[in-house]
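Structures for review follow.
Next, two complexes with chain A in common: one pairs it with chain B, the other with chain C.
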Partner chain A sequence: MKLLTHNLLCSNVRGLRPGGGFPLRIQASDVSVRPVPFNAAFVARLVPRLRWGALLEAAESLPPEPAPDYEGDEAFLRRVHHVLLEVRGGGTPKPPFGGGLTPPKPPLGGGV
Partner chain B sequence: MAGSGRRPEHRGPPELFYDEAEARKYTQNSRVVEIQAQMSERAVELLGLPQDRPCLLLDVGCGSGLSGDYISEEGHYWIGMDISPAMLDVAVEREVEGDLLLADMGDGIPFRPGMFDGCISISAVQWLCNADKKSQSPPKRLYRFFSTLYTALARGSRAVLQLYPENSEQLELITAQAMRAGFTGGMVVDYPNSTKLCLFQTRAELAKFAFQGLGTECADGEEMHQAKFTNERTRFRNAKGKSVKKSRDWILEKKERRRRQGKEVRADTKYTGRKRRPRF
Partner chain C sequence: MKKLKLKELESCLQQVDTFENPKLLLEQYPTRPHIAACMLYTIHNTFDDIENKTIADLGCGCGMLSIGSAMLGAGFSVGFDIDADALEIFNSNIEDFELTNINMVQCDVCSLSDSMSETFDTVIMNPPFGTKHNKGIDMIFLKTALQMAKTAVYSLHKTSTRQHIQKKADEWDVKMEVIAELRYDLPASYKFHKKRSLSQRTTCPSASLRVPKYSEPATCFTHKEAQLYC
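Then we have the complex of A and B:
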């Protein structure tokens, strides 16, 4: 799964704790990178949709928060593009199911 | 082959029907590839996305990524979800540009509010009309699908679903659940002959759609590319969901059905279905 998908996910899936997102644990061993065409305007429009904190947990190369004028900062946008769209973690993200709730089947299991 | 004439949805749950063999067969069949591309093209067109602005789209039931390929070609980005690991494996192998998520749409769309600029689904949603377990209720699953999809879409954006309903009751159920979930649009188009495309729109200040049963009207003024759309819809006006017998549309549809059954059919020309002079 790519970090973009992970970042946009929520847990309104039946059986998941409300409001409880889950951190993606990407193991460096099974990360693959595939180039995706870069579009500055697209990435700039994505930034406000992101949970920056969650992104930082997986990608330390990013600044603690986007600068106010990030829309014109191509170097920054390229970094975000790479992290969000080009890196794919092979590991299965593990949603932390709390309160003894077990979903009928892992709804997000096996992100590819 | 036993049961080969039956609808795939009757042959078992999707994650079992789309096993490794089926997934391979699917992407290796050039006719399937072409048809899926055609329908994806139509669906993306109906999304009415702003010109020259790459968007983030959700592809529900993305399978091996044939529909997604078209999205990428158009310069948009996509995330696909599917219930079949075998289909997703083929997508990974094909190195599709979009991202993939293993999930059951009947459990809901697991994304935060307003994340997507649009949603397409090609040949998948009819699967929700079948209960694969006693505990599954198609109306509930459809409702969960639509209500969570509504949330995941940005304000004013659309979902275009191409589907193969088994009968008009299924189509009614699907549209009814979409309306209950808050979608304002609702549209059924016949394309390419005898497949169904539904267009749903989230509530927006500018929503110009009024849903009036199956033969919906497209109110004035949508953008240019909607004109074509309006023409296709007229086919539905006359008889509920069916073209008038012996009309050109009726003949074209019938020919298309025959073609899909693998029968030999004359090519469609401008003369197809034309009235003959009394003395020929």
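Then we have the complex of A and C:
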């Protein structure tokens, strides 16, 4: 799973306090890096919408908060791009405060 | 990015693998390449809701719509589906096409809460139509999609449910417009479909809807594409 997906997702496991399902705890068993074409305009649009705190927990290489003029800062955008889109972690993310994500059950059980 | 023509998009999408053993209870009917291409092309060219946008595909199955949006320059798309087998095919499709800006999440769309509100720009989906066993599931998908989308939701529905959707849209205070009427060219995919005879679903034109989150100048454009098909 890419860190961007991780950042967009909230754990919706019931029983967690409201808003407390995020971020999912990362248990990256195998981290791989795969190059992705860089799209500055897209990354710049993403930055204000990210949960920066959750991203920092996963990636130490980022500054504590985005610089005010991040839109023109290509080096910064490239770093964000790398962290969000190129790094991929295996394993299943876990919600905070223990407990696991139970694999979803098909609502109707099985197939045909 | 090179501009893809409608025909090129459709022929690319013909290479997308779909369900090997579709599961009837999950209403796994693939989105046909022609329908997917027409739908995505319109979303891209008329409404500009794909390029550089984050896109969610609820009930993505083997990923036809996510893959199509990635081809049209989506910034990032995420497919959500409950079925691991379908997602496996989706994954091999992504690898075959060497697409890098797609991820998938296995989950029950019906249990996605409103905590993901407005995380995506656009939701594009072909939800289960909510026949016999899953009555009402199409509306649950639509409601979830509306919570997740920032700009608009594009969804395929049976024409017979249009009035009901209109009613719900008024209730939820969103504007709905019918973009196209498409005819499903569904090859017999389940045993109970007699070959060469049209199943109920095949004869049922389905409507592609755009549900913008906020009202904007009406660009109501309804056109029939049925004749493209038969």
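Side notes on the structure shown:
The working rule: the second predicted complex is superposed on the first by the 79 of 112 C-alpha atoms of A that agree within 3 Å, B and C clash if a C-alpha of one lies under 4 Å from a C-alpha of the other, contacts with A are read in each partner's own complex, and residues count from 1 in each chain.
Following the convention adopted for this analysis, a contact is a pair of C-beta atoms (placed from the backbone, for glycine too) under 8 Å apart; a residue touches a chain by one contact, two chains touch by 3 or more.
Note that the coordinates shown come from a computational prediction; the quantities given were computed from them, not determined experimentally.
When the shared chain is aligned, chain B and chain C each come close enough to touch A:9. On chain A, the patch touched by chain B and the patch touched by chain C overlap at residues 1-2, 4-5, 8-10, 12, 34, 36-37, 39, 41-42, 46, 49, 85, 104-105, 107-112. Chain contact summary for the complex, chain A toward chain C: residues 1-2, 4-5, 8-10, 12, 18-19, 21-22, 34-37, 39, 41-42, 45-46, 49, 85, 103-112. On the chain C side of its complex with chain A, the touching residues are 21-26, 52, 54, 75-76, 78, 82-83, 100-101, 103, 105-108, 110-113, 115-116, 119-120, 133-134, 190.
For chain B in complex with chain A, the touching residues are 53-56, 75, 77, 79, 85, 88-89, 91-92, 95, 97, 99-104, 107-115, 144, 148, 151. Against chain B, in their complex, chain A makes its touches with residues 1-2, 4-5, 8-14, 16, 34, 36-37, 39, 41-42, 46, 49, 85, 88, 104-105, 107-112.
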